[in-house]
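Below is one structure. I have some questions about it.
By letter and in written order, the chains are A, B, C and D; residue numbering begins at 1 in each of them.
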Amino acid sequence: MQADAAPKLEINDLSKRFGGLLAVDRYNLVLRQADLVGLIGPNGAGKTTAFNLATGILRPTAGRIRIAGRDLTGARPHVIAKAGLARTFQNIRLFADLTVAENIMCGGHARHAAGTVSTLLQLPSFWRAEQTLRNEAYRLIESLDLGALAARRAGDLSYGDQRRVEIGRALATQPDVLLLDEPAAGLNPSETSELMAFIRKVNETLGIAILVVEHDMSLIMGLCQRLQVLNRGALIFEGAPQQAQTNEAVIEAYLGTRRRAKANA
Amino acid sequence: MTQYVFQQVINGLALGSLYALLAIGFSMIYGIVRLINFAHGDLVMIGGFATLALVSAGVPWPVILVFVLCVGAMAGIAIETVVFRPMRGADQVTGFIATLAVSIAIQNSTLMALSGQPRNFSFPAFMRQRIDIAGSSASLTDLTIIGLTLLLIGGLFLIVYRTKMGQAMRATAENLTAARLMGVAVNRTIMTAFAIGSALAAVAGLFWGGKFGQIDPLMGFEPGLKAFVACVIGGVGSIGGAMLGGYILGLAEILFVGLLPQEYSGYRDTFVFLLLIVILLVRPSGLFIRQTEERA
Amino acid sequence: MIPDASSTSVEAWSRPRAPQWSFIASLVIVCLGAVVVFTMTQWLDRYAVTLCALLLINAALAVSLTVSNGLSGLFSLGHPAFMTIGAYVAAILTFPATRKGTMLPDLPEWLAAIEAPMLPAVLLGGGVAGLVSLVVGYAVLRLKGHYLAVATLGLIIVVQGLVRNWDGLTRGGSGLSGLPRHVDIWWAYGYLVIVVALAWRIKYSSLGRAIMAVRENELAAECSGINSARLKILAFSVGAVLAGVGGALTAHLISVITPGTFSIVLAFNLVVMVVIGGAGSITGAVLAAAGITLLSESLRPVEEAANLYGLSQVVVAVCLIAVLYMRPSGLFGSGEPSIVKRIFGGRGQA
Amino acid sequence: MLEVRELNVFRGATHVIKNVSFNVEEGQIAALIGANGAGKSTTLLTLSGLLRPRSGTAVFRPDAQEVDLTSAPSEKIVRAGLIHCPEGRQIFHSMTVRENLEMGAYAQLDQKLVSKTTAEVLELFPILAERSGGMAGSLSGGEQMMLALGRALLAQPKLLLLDEPSLGLAPLVIERIFDVIAELRRRGVTILLIEQNAAMALDLADTAFVMETGSIVLSGSGADLALNDKVRQSYLGGAA
């Protein structure tokens, strides 16, 4: 697959202030096709806030967000999603009362659904749109190996399955960029390694650029080409994952000083 | 002209006192269990009928006042324990529907028991006289209502800000989980908030009857809704805000009717609820609470 | 990466079209209903037929509230406001021109001359209600949960206040009586069929799924590219149009409309029907509406005989509290019973 | 002092805690580490009586008493000396610093003891004395954590449950907080600690438990676990 050199997602000097607290301080990120970048930092460092800014849930105090070259700073989340930026949530947010298949079809709604009038009159274009939605959802469900769960209520699934469905719903929007917020939280190690393989597959075969926030260092180290470290809202490191482990500032802020003391002893 | 305006202001303050009494209870209950208690207005009716029963039994007025406070408190406790406590933890809308159901049940049970016929209600005759103040005159009824309301609100502030129970109530309202972790018995605390709020509403019923001269089983509906408007004006959940909201609403309503030409007075309630919708849209957290952006 | 699923299995799983026979089944059921209605008109007295017509209209209103509240998760109590608007618009249009001169002397010339037939009057009534709901919805739908409930309750009072005081157009508090009795049980039945069909079509379409997604988790829906503000207004306004139509039909069934005809108690009763039926369940709304209407009508003789006015409302309220205790999600949750879905082709499930 | 056996907790339909058993001995610091969502906070909430388990036992034995944590109301658990300092600090923002501390002593009847402990807490955290009349919400994150700790100390804990005390704090403040925790152990308070910063937690802990998807998968002394490959891999930032 020919990598497209133009950035899919470009974030410049993004800042967010809550009252007196600078939660995100001049955050920068460039994601090109098939990038796989990790974002780590202590709890409360501003990772989720950065995600919420990028996806339009919060309005930035300053800075720019460009998606595929379009300036979408301050746009509503559904506009940003349609422009090609999809995400998952730290505390899974599925449509609990809908089935797995319906959840995934919702991801395709923005691109394929028939208009209101066409729906109410059930014109041929309505049936065509429903057919397309279904076919796409089916293919996605097959590839995610969710076939057995398709008719189950999403709220009744196990934690791990819910995570997969949520990623599936994000993929159903056919994004260029995928933001994953702690995808391995609550998964056991074997589920985590399955998830890693899956993320890699999505990244490599579909060419989707991925930014992943995670505390599980084995996932971050095993997966990411590039690593960003955020502390108290500001980037303190960006570079290869291996370099992060020896970086003074990163150790100080995140990996812990006492460990180093012990290792030296 | 100044005489007229003065009388309108006193009238507005008296009405505002009623709204304030109701709104404070409403706000306390919302603050502590995040429940919009639609049945709160019906305690006005219960207070009104309790007063009427005691008056016809010949009980002296100061005793009636105390009794009505107790009746209101007991009614509040009963509603809380029987209906709302089992539903605590359900979502807000479910709770709201339940309060709507309680309100309809109370109203219609009273209708069944006492019929919808309005009953006459009056304070002792001497309350009808007018008092001269600085060249203008005001009715003793209005002045009494204003005075007693301020006393009751003062007492409430003492309880809330000077006693251990009050402190537990504020803590529970702000963060129920943390309050439990401090060893606060939240069920008892919530019950107390219901009791105090409901007692104030029942006294508002006593005043309401005295001011308007009539009571009926459905009388609580309108003041209940308006207490909510008063809360929204002041910021739902804040006791001081509810009090100010009540007075602002009372004054605004009376001045709307008193100062505009006659033909607009029929739009009084329309005006009140347009005000509500506008405030909800412009400052959903109320006039006196600073807007803050939640950290998502 | 996506494995090429064999085309047959795609079709088997994902055929969206309702099987042909479910269309026929729906037709058969509609016809059966028509036969029942016809039998009623032959055997029952006029009062009973009117009562049945009211029951059908109530059921339709409950279903329309299912669209605007149940699917979307909004909690609006504004239905009576839209019914009042629809009823007055239609009534002013159909009122005999000869009597408008005396009862509504302030009408503009062109309105005074009109004596519209029922169908356009009803549609206009629904349309005006819909327009009002767009304006109101734009303002109010940003509110959440019970704030929205109280704001829409306020809307009822605002509309009633306007109607009561706009004497020249509405004849104020005394209302408009002697409306032409254009509406009979057949209108009511047709209205119910159309409302249920529309609700069904919305629910089992991508549109309905998206609306339910907003109900389940607005933030996640937005981040999946769903324009939640637009869908909420859409659901609210569809409900308002249907309510306006229902109000117009009711007024012409009982031949009178006053500012208080559609009150807050009605809002409560409709909400009870939706909650007991299960928010979002069309079947549940129809059954609950029928059950509650029958229950309160059957208590009416008791109320009159024992002089216990209010009994039926107390019973309804207690039923509601009992349902909230025992089955907070209502009789059918937000789904439809599988047998109903099989007959009518519910296509939401895989 | 604390004995948990076969505890199972559900939140809605989700099985969050699965057959969890562990002990905390008097005078020790025990650490519970694991990923976000593994069930650590749920465990603490169950111990302090805010959530009820579906099955299993949890017994708290301060002095000669015995409190059944699966059935006792939370106020009784607090009075027995099991104090939970929750995640995210959960101070009362719109109350003053002093009032927050008073809330800590809410269940205490012995006023002499309360004023003695208040003096100790203010000595431990002088900043709280300085700001005692100010609104708690206006404190910085680190100061809020100190207030939360001070409030918990005023409840006279025999067993202190600490949920992520380092959350969102600067490294210097974290070290200060951990120094205080060590000091508390010297004063005889038993501590059950949840910590994201596994390195610091293991360094301090006498015993430690690793939790994954609702179960305890590893346990041992803090020093042993710090050397465990799996722990290093998952929680200490890879092989160093």
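Throughout what follows, a residue touches a chain if its C-beta (ideal position, glycine included) is under 8 Å from a C-beta of that chain, and two chains touch if they have at least 3 such contacts.
Please read these numbers as outputs of a predicted model, since none were measured by experiment.
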| item | value |
| --- | --- |
| Selected interface, B-C versus A-C, where C-beta contact pairs are more numerous | A-C |
| Chain of greatest Cα-centre distance to subunit C | D |
| Chain centre separation in whole Å, for subunit D relative to subunit C (CA means) | 53 |
| Rounded Å distance between subunit A and subunit C, as computed from the means of their C-alpha atoms | 41 |
| Subunit A and subunit D, separation of their C-alpha mean positions in angstrom | 32 |
| Residue list for subunit A, restricted to those that touch at least two other chains | 57 |
| Subunit A partner contacts - residues on subunit D that touch it in the complex | 13-14, 35-38, 141, 164, 166-171, 175, 196-200, 203, 212-213, 226, 233-238, 240 |
| Subunit C contact footprint on subunit A (complex, rising order) | 55-57, 76-78, 80-82, 86-87, 89, 93-103, 105-114, 116, 119-120, 122, 126-127, 129-131, 133-135, 137-140, 142-143, 150-151, 169-170, 172-173, 201-202, 205-206 |
| For the subunit D and subunit B complex, residues of the former touching the latter | 48-50, 73-75, 78-79, 83-86, 90-95, 99, 102-104, 106-107, 151, 155 |
| Footprint of subunit B on subunit C - complex, ascending | 75, 139-140, 142-143, 145-147, 149-151, 153-155, 157-158, 161-162, 164-165, 264-265, 268, 271-272, 275, 307-311, 313-314, 316-318, 320-321, 324-325, 328 |
| Footprint of subunit C on subunit B - complex, ascending | 36, 83, 86-87, 90-98, 100-102, 104-105, 107-112, 115-116, 221, 225, 228-229, 266-270, 272-274, 276-277, 280-281, 284 |
